[in-house]
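The following pair of complexes shares a single chain, chain A, combined with chain B in the former and chain C in the latter.
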Partner chain A sequence: MERDARVCVIGEDVGHYGGSYKVTKDLANKYGDLRVLDTPIAENSFTGMAIGAAMTGLRPIIEGMNMGFLLLAFNQISNNCGMLHYTSGGQFTIPVVIRGPGGVGRQLGAEHSQRLESYFQSIPGIQMVACSTPYNAKGLMKAAIRSENPVILFEHVLLYNLKERIPDEEYVLNLEEAEMVRPGEHITILTYSRMRYHVMQAAKTLVNKGYDPEVIDIRSLKPFDLHTIGNSVKKTHRVLIVEECMRTGGIGASLTTAINENFHDYLDAPVVCLSSQDVPTPYAGTLEEWTVVQPTQIVTAVEQLCH
Partner chain B sequence: MAIWLRRSRSLAHYLKAEIGFWKVPNQRSFLNPCFFNPENSSSTTLTGENYGNPASFLGNSPTLFGSRRFESIKSGREELDLEYENSGHQNQAMDFPGGRISFTSEMKFISESPRERIPCYRVLDYDGLPIMHSSFVEVSKEEALKMFSSMVTLETMDTILYEAQRQGRISFYLTSIGEEAINIATAAALTPHDVVLPQYREPGVLLWRGFTLQEFSNQCFGNKADYGKGRQMPIHYGSNKHNYFTVSSTIATQIPQAVGAAYSLKMDKKDACVVTYFGDGGTSEGDFHAGLNFAAVMEAPVVYICRNNGWAISTPVSQQFRSDGVVVKGKAYGIQSIRVDGNDALAVYSATRAAREMAITEQKPILIEMLTYRVGHHSTSDDSTKYRPVDEIEHWKTARNPISRFRKWVDKNGWWSDKDESELRVNVRKQLLQAIQVAEKAEKPPISNLFTDVYESLPSNLCEQEELLRESIKRHPQDYPSDVPV
Partner chain C sequence: MTAAATKIIQPLPLNFTNTTARSPDKALFHPLKTTPSSSFPASTHKLRLTKPNSTLARRRSTAVFAVSDVVQEKKPKSNTFHPNLLITKEEGLELYEDMILGRSFEDMCAQMYYRGKMFGFVHLYNGQEAVSTGFIKLLKNEDCIVSTYRDHVHALSKGVPARAVMSELFGKTTGCCRGQGGSMHMFSKEHNVLGGFAFIGEGIPVATGAAFTSKYRREVLKEGDCDHVTLAFFGDGTCNNGQFFECLNMAALWKLPIVFVVENNLWAIGMSHLRATSDPEIWKKGPAFGMPGVHVDGMDVLKVREVAKEAISRARRGEGPTLVECETYRFRGHSLADPDELRDPSEKAHYAARDPITALKKYMVENNLASEAELKAIEKKIDEVVEEAVEFADSSPHPGRSQLLENVFADPRGFGIGPDGKYRCEDPKFTEGTAHV
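Now for the complex of A and B:
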């Protein structure tokens, strides 16, 4: 926002309240009420508003108070955001960033635990990235803001409190690149967002048991970084996908297909995908815990694959 | 305390600031001594400490858009108790979030419909004579003739391109027959810097701004010269150099987008406004309500023009809403509104000029409901005689025609003649037929345009898909259309 006067933030309670997860804290004090705009409650409309603003030269960042609420904005996102650059023959660009907290949290209830990446992945014209650490959150956010394409940045409700040392100098990450978290030889584990931490936890156990998993945080959900993923598959010949999406029509489903189509000659075993069940997220803590993939399940899956 | 509240209530009304729970310290009230006068305001101790440093709010706001500071409900409640103590039973009013409301002991429901419908502003009668005492913006001969010939051009273009669809030369078309006055007169009242977000029945605005008959035809035929690169269906025009946003088929989605465009103009402090159009049917969409609400809250310089033409495909307005049309809805959102005879070019012109002026100088939205009639079918996919009487259509096509009505006024001023008329019509027709021929013969966009502009640059998956497609075409050349370059 400091570098470019055209960047602005639009959403509910993003101003003096600082946003539902304080992502925009103090920005209103610094940049004023117009650049950090509080809107009435109408997601389709403030998304539409941001699209109109983008087409007239601004670079808005739309915040969904919870990603799930952006389902109300689906019409604007699919029919206008993704489409207008194409249908106008390239005359109008829509450099918006749509972001917000999503994923399964701690007892937030079914409506506040949506994983929208599966619903949005088909929309042509948009890019999707998921951040998972303070380092990549900053880098991906900057990249998304600077991109001329509309980008949806998926943040996770449970990851806001992470602390990490990040460089003082400016850095911008590549929106289409996956992150090598832990190089290995035996199996490729592909994951993103919060599940990265479950995978790393499982990795500790696996290492103790003598396995050497390669963990890749795919980061770019649309398009997939098939270059990094492909190199890994060619090395390990076994793939496990761990995601928080639901089983049907999730990111894992698309990724499985992409890997099978492109690298099936290199696979020694079918691609295994661990996802959440096809159920609305229950409120009860114990039940909620078992709808997301747990480290023990990851360990079992690896053991079976590497058998 | 009571004195302070009463005085600032009238001032508050003038300053558009709200008192009570929601303090709105904008630049004007900041300078108002009454607001901070410690003698008058016994509530400074309660509100003052919560108020904090005003400079930090106002310092960086680039426009008149006021900062808001929400105070704790606790302090407000204390203020309320104090007020009650002081005023006793004399004051028949109380503070609630949102401002001061006076009480009534009569339980009265507001009627759902007014005794009288909101009247409609018009300037010319059916004989083209200005009504006595009508106030309107004067139009010069040059301007009037340009408006008139544009209306004729629009009508001719619609008639001929509609026929072209019927002959199978283009795939789809939709006309603005009966709404030429709205199309042209609103466009004439704007400047080229005003951003236009159309629904789809406003090609006249583009015509006024200089889009040529050739450019219109190119889009309808989807050829290589189309600015949309052949990707959209006919009548989905768009031109960034004419400040006319590309038509998107979805109804009413442009309404909140207009607020966004206005937001952008506001940030840049441009001397321009946004104008967006929609029909009576569009006002039922959620986006209409939220968009108008947003525009009012954001103080966005948008002129909302509703073409109430009586029909949304086959749905008449009586089945679309039960309110007194669309004009009354403006009030519900805190927006100044007016109802205009949409078939009276001068009334449309004057109202739009005034609305634009207000929108820009006062930085707020305006709603104009233009009453008219959709003479044509909804589109080439519709036959409206199936749901409305043919004589009704005929009546509006002839007796209530906006072009002939304006013609009468132009004639009476001695600016036009029958000879001019026939010359114009013959010319336009010739130009248009020529443009259609050229457009029809022109090359179609190449297959590479199927994949470009989805993103800024072609990503790997689309490169792959394009390659697959080209391979397919090579393998089955007989199945590929011969007039589309590869």
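Now for the complex of A and C:
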């Protein structure tokens, strides 16, 4: 925001409250109420407003207080955010960033525990990235703000407390690139967002059992980084996808297809996809646990795939 | 054509519970409602105009919900004393030409559609020209407009060349949107036409955003002279939609430089405004949100223009938004595919008699602003412009395969990195349009 005065934040409670997860804390004090705009509760309209502002020269960051609320803005996100550059014949750009906390939390109930990446992925004209560490959150956020394309940045409700040492110097990550988390030889595990931590936890167990998994955080949910992914598949010949998204029509489904189409010759086994259950996230702790993929399931899947 | 009589009603103070801002002894006259009956207004039969001419004639003289102080002093006394007229000769000719352009263009669209040159959904503006001309001709180039699917004439009034719009309708690459938008998505960065939207209501937030940018530029970017105004055009059906209300709230809350122009033509495809709306007087919804609500005769370009002047200067001065309800009518069906069976012929005849073009012509001739010959010359000139637009569109090329993926992303790196490590957009096949993602 300091670098470019056209960058502004629009959302509910982003200003005086500092954001529902304090992502925008103190920004309103520094930049004023118009640059960090507290909106009324009107997602569809303030998202459209940000799009209109983007068309006329600003670079807004739209916050969904919970990503789930952005369902109310689906009209604007699908029709205007994704389409206007195309239907205007390239005349108008929509350099917005749509971000917010999403994913399954701790007993927040079904509506606050939504996994929206699958809903938005088919919209032509938008890019989707998911951050998972403080380091890549900062780098991807900067890249998203500087991008001329509309970008949806998925943050996760349970990852805000992570602490990490990050460089003082400025750095910007590539929106379209995946991140190699742990190189390995036996199997490629593709994941993103919070499931990365479940995978890494499973990886510890797997290493003890003698396996050598390669873990890649795909980060870019749309488009997929087929170079990093492809190189891995060519090396290990086995793929496991671990995602928090629902099974039906999820990111994993699209990724499975992409891998089959592009790297079929390199696979020794069918691609396995572990997704969360196709249920509205239950409130009860036990049920919620069974909704998302747990490390033990990952270990079992790897063992099955590697034999 | 009487003097335009339109007052901007100030928002009511918060403790004011009564809904009327007019003299309390005048009953709210609504010519389109029959006697207040307890029957459920689901039957259009009951809602038809019973006495079209007399009721609406009465409406014109009594139902002045808004009166402009500026205009009240300008009542034309005699024909020959020009300063008392609402327009100069130059302005009159400009308005006339713009309305003729709108009408001729739309008529040509109908012809071209039935000849198979234009496809899909085409929504024509015939009859509503006074609103477009009355408002848009007051704007600067930097001001923005946002419209709906009935947007050809808004684009034309704002300055988009007729040939670019016609080409777009034919789906050719020389169209204002390279043929990718079509009838319902007219955009022009050069003329600040922000669309062209197919879903009703979805353009209003975009307009609100453009107004937000104007305020942002003035207050954050310190461009002190930025006083750009945005106009949002939409219909009566839209006024029951959530986005309309959400944007009225935000625009008034932040005093955005926007004018919400309702083109109330009484029909949303086949749904009569009265069957869809609990309180059909849309202008009243403005004060509920803290902005003036104005009702104006949308078949009279001079009245519209006077109201527009006030609303636009209000916005420019930083005083915030205005809601203007223009009572207007579309002479044709909702779209070229609409059989238009539900509207009463007497209603249509009533409004046909109030054709805005005929009315302006009469005004100019009677007040000696122009001769019939001058006006005829304009009509002929416009005929040529429209003919030329058709020829241009006809002879323009269709888009090639390579155009398919070009404008999906402003930054084509959004198509991602391919298996070979290169960005897909760097692949030569991509420009041929054969790459798949």
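Things to note:
The rule is short, and it goes like this: the second predicted complex is superposed on the first by the 307 of 307 C-alpha atoms of A that agree within 3 Å, B and C clash if a C-alpha of one lies under 4 Å from a C-alpha of the other, contacts with A are read in each partner's own complex, and residues count from 1 in each chain.
One rule holds in what follows: a residue touches a chain if its C-beta (ideal position, glycine included) is under 8 Å from a C-beta of that chain, and two chains touch if they have at least 3 such contacts.
Model, not experiment: these values are computed from the prediction.
Overlaying the two complexes via chain A brings chain B and chain C into a clash. With both structures placed on the common chain, the touch criterion links A:F263 to chain C but leaves chain B unconnected. When both complexes are overlaid on chain A, the residue A:H16 reaches chain B alone and has no touch with chain C.
By the document's definition of touching, of the two partners only chain C reaches A:S220; chain B does not. Once the two complexes are overlaid on the shared chain, A:K30 sits against chain B while remaining clear of chain C. When the shared chain is aligned, chain C comes close enough to touch A:G230, but chain B does not.
Applying the stated contact rule after C-alpha superposition, one finds that A:C8 touches each of chain B and chain C. Across the superposed pair, chain B and chain C both touch chain A at residues 8, 32, 34-35, 39-40, 42, 44-58, 75-76, 79-80, 84-93, 124-125, 127, 147-149, 176, 223, 226.
By the touch rule above, chain A contacts chain B in their complex via residues 8, 15-16, 29-35, 37-40, 42, 44-58, 60, 75-76, 79-80, 83-93, 124-125, 127, 147-149, 176, 223, 226. Across the complex, chain B meets chain A through its residues 56-57, 59-63, 65-70, 195, 197, 226-229, 231-232, 236, 238-240, 245-246, 248-250, 253-268, 274, 286-287, 289-291, 293-294, 297-298, 452-456, 459-461. Interface residues of chain A, counted against chain C in their complex, comprise 5-6, 8, 32, 34-35, 39-40, 42, 44-58, 75-76, 79-80, 84-95, 124-125, 127, 147-149, 175-177, 220, 222-228, 230, 262-263. Residues of chain C that touch chain A in their complex: 144, 146, 175-182, 185, 187-189, 194-199, 202, 204-217, 219-221, 242-243, 246-247, 249-250, 253, 406-411, 413-421, 423-424, 437.
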